[in-house]
Amino acid sequence: MTDEFETGLPSVRQMQALIKDNTEVEVKLVTSDLVVGKLRWQDTNCLCVIDHYDQPTIVWKQAIVFVKPKA
Amino acid sequence: MTDEFETGLPSVRQMQALIKDNTEVEVKLVTSDLVVGKLRWQDTNCLCVIDHYDQPTIVWKQAIVFVKPKA
Amino acid sequence: MTDEFETGLPSVRQMQALIKDNTEVEVKLVTSDLVVGKLRWQDTNCLCVIDHYDQPTIVWKQAIVFVKPKA
Amino acid sequence: MTDEFETGLPSVRQMQALIKDNTEVEVKLVTSDLVVGKLRWQDTNCLCVIDHYDQPTIVWKQAIVFVKPKA
Amino acid sequence: MTDEFETGLPSVRQMQALIKDNTEVEVKLVTSDLVVGKLRWQDTNCLCVIDHYDQPTIVWKQAIVFVKPKA
Amino acid sequence: MTDEFETGLPSVRQMQALIKDNTEVEVKLVTSDLVVGKLRWQDTNCLCVIDHYDQPTIVWKQAIVFVKPKA
């Protein structure tokens, strides 16, 4: 259920860049929910998204369909 | 089907903190069901949620989309 | 696709307790089907649920969303 | 994506018994499709179901929700 | 996310036979889409289906529900 | 959750060819979303699709149903 989580991987580095740059992103989930906010942290299982009210959502990576930086 | 389950992982520690602090959470599932309650225990396969009537729901981690502490 | 299946795990022991105690359970599946009955056996792949007509349903664990003892 | 496939497992033996006994089964899939017929063979990836017109359907085990012998 | 991909497995050999024999098949996917055409190649991740207009669709095996030779 | 990612695999090479040739593709996802654009990079977890407005979408491979070069 876990991703490869090596810090050299492009996908892992991209997520790290989005965290570091405080980029607002859309995270589309398998339920078709769209979680919008800033990425705070990731590990091998999860990605933490902070919304506009500063509330965290701990997203399971297994449920991610795509991540899209907001234009 | 199993998560990485090392106690050093941020995601595992966050779940442990939510258990310890008796925080009410929303657990969104792949069926779009939302299970609301307090986390009692977790292991590598499952997460146990206790609802307002003190009834347990044993949630398979493979089916979790996100966990959100109630604001 | 298989769970961790060590008899020391809380989730595995809980299922064993539900089998031994003949507890009626609801098993929610990824299709949103709800299978209701008593658990007869489990292994690493499957969980066998016996319904009111004594008919078995062999549930693939990969498809389980949650298990809930009937209140 | 593959199941454990050891011939000693209850779930594997049950499928083998259903194949050997020519039992008619219902196979529920993640798309909510129900494939009805007799099991001809299984391996670690797939389960082959023969319908009433003697046509095979090669079902991916990853997509199985449950198997139910017809009453 | 990958299947077992040993050429001795019945399911792998069946797919190879369908490729070799140019059999028209229906591939049912988790989205309920049905891809119809002839199988050109497979590997551990994917199955390539060629439709009537000779266009390839590279199907991820993780998304396959069943494969059915057209009657 | 990760694919086999060996550069010798047909599926990996096909994706590399689509990246190199700047081919426009349709990527069908488990939510039934269709992402249309050009592939920029892939790794073991993700595939990056650039749309007509030059915006990237980082698609999780676990969520891919099929990839189809636009005719």
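Letters A, B, C, D, E and F name the chains as they come in the text, with residue numbers starting at 1 for each one.
We take it that contacts are C-beta pairs under 8 Å (C-beta built on N, C-alpha and C of every residue); 3 or more make two chains touch, one makes a residue touch a chain.
Heads up on the chains, UniProt names are A, B, C, D, E, F = RNA-binding protein hfq.
Predicted model, so just to flag it, every value in this text is computed and none were measured.
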item	value
Required steps from chain C (RNA-binding protein hfq) to chain F (RNA-binding protein hfq) (each step between touching chains, minimum)	3
Turning angle required so that chain D (RNA-binding protein hfq) lies on chain E (RNA-binding protein hfq), C-alpha fit (0 to 180°, nearest 5)	60
Shared interface numbering between chain B (RNA-binding protein hfq) and chain A (RNA-binding protein hfq) [over half = same, under half = different]	different
Rounded Å distance between chain A (RNA-binding protein hfq) and chain F (RNA-binding protein hfq), as computed from the means of their C-alpha atoms	19
Distance between the centres, which are taken as Cα means, of chain C (RNA-binding protein hfq) and chain A (RNA-binding protein hfq), whole angstrom	32
Residue numbers of chain A (RNA-binding protein hfq) (touch at least two other chains)	1-2, 30, 62
Touch-based graph of the chains, sorted into line, ring, star, complete or other	ring
Chain order, ring traversed from chain C (RNA-binding protein hfq) with chain D (RNA-binding protein hfq) following	C, D, E, F, A, B
Footprint of chain D (RNA-binding protein hfq) on chain E (RNA-binding protein hfq) - complex, ascending	1-4, 9-12, 14, 28, 30, 32, 61-62, 64-69, 71
Residues of chain A (RNA-binding protein hfq) that touch chain B (RNA-binding protein hfq) when the two form their complex	1-2, 29-31, 33, 35, 41, 43-46, 48, 53, 55-60, 62-63
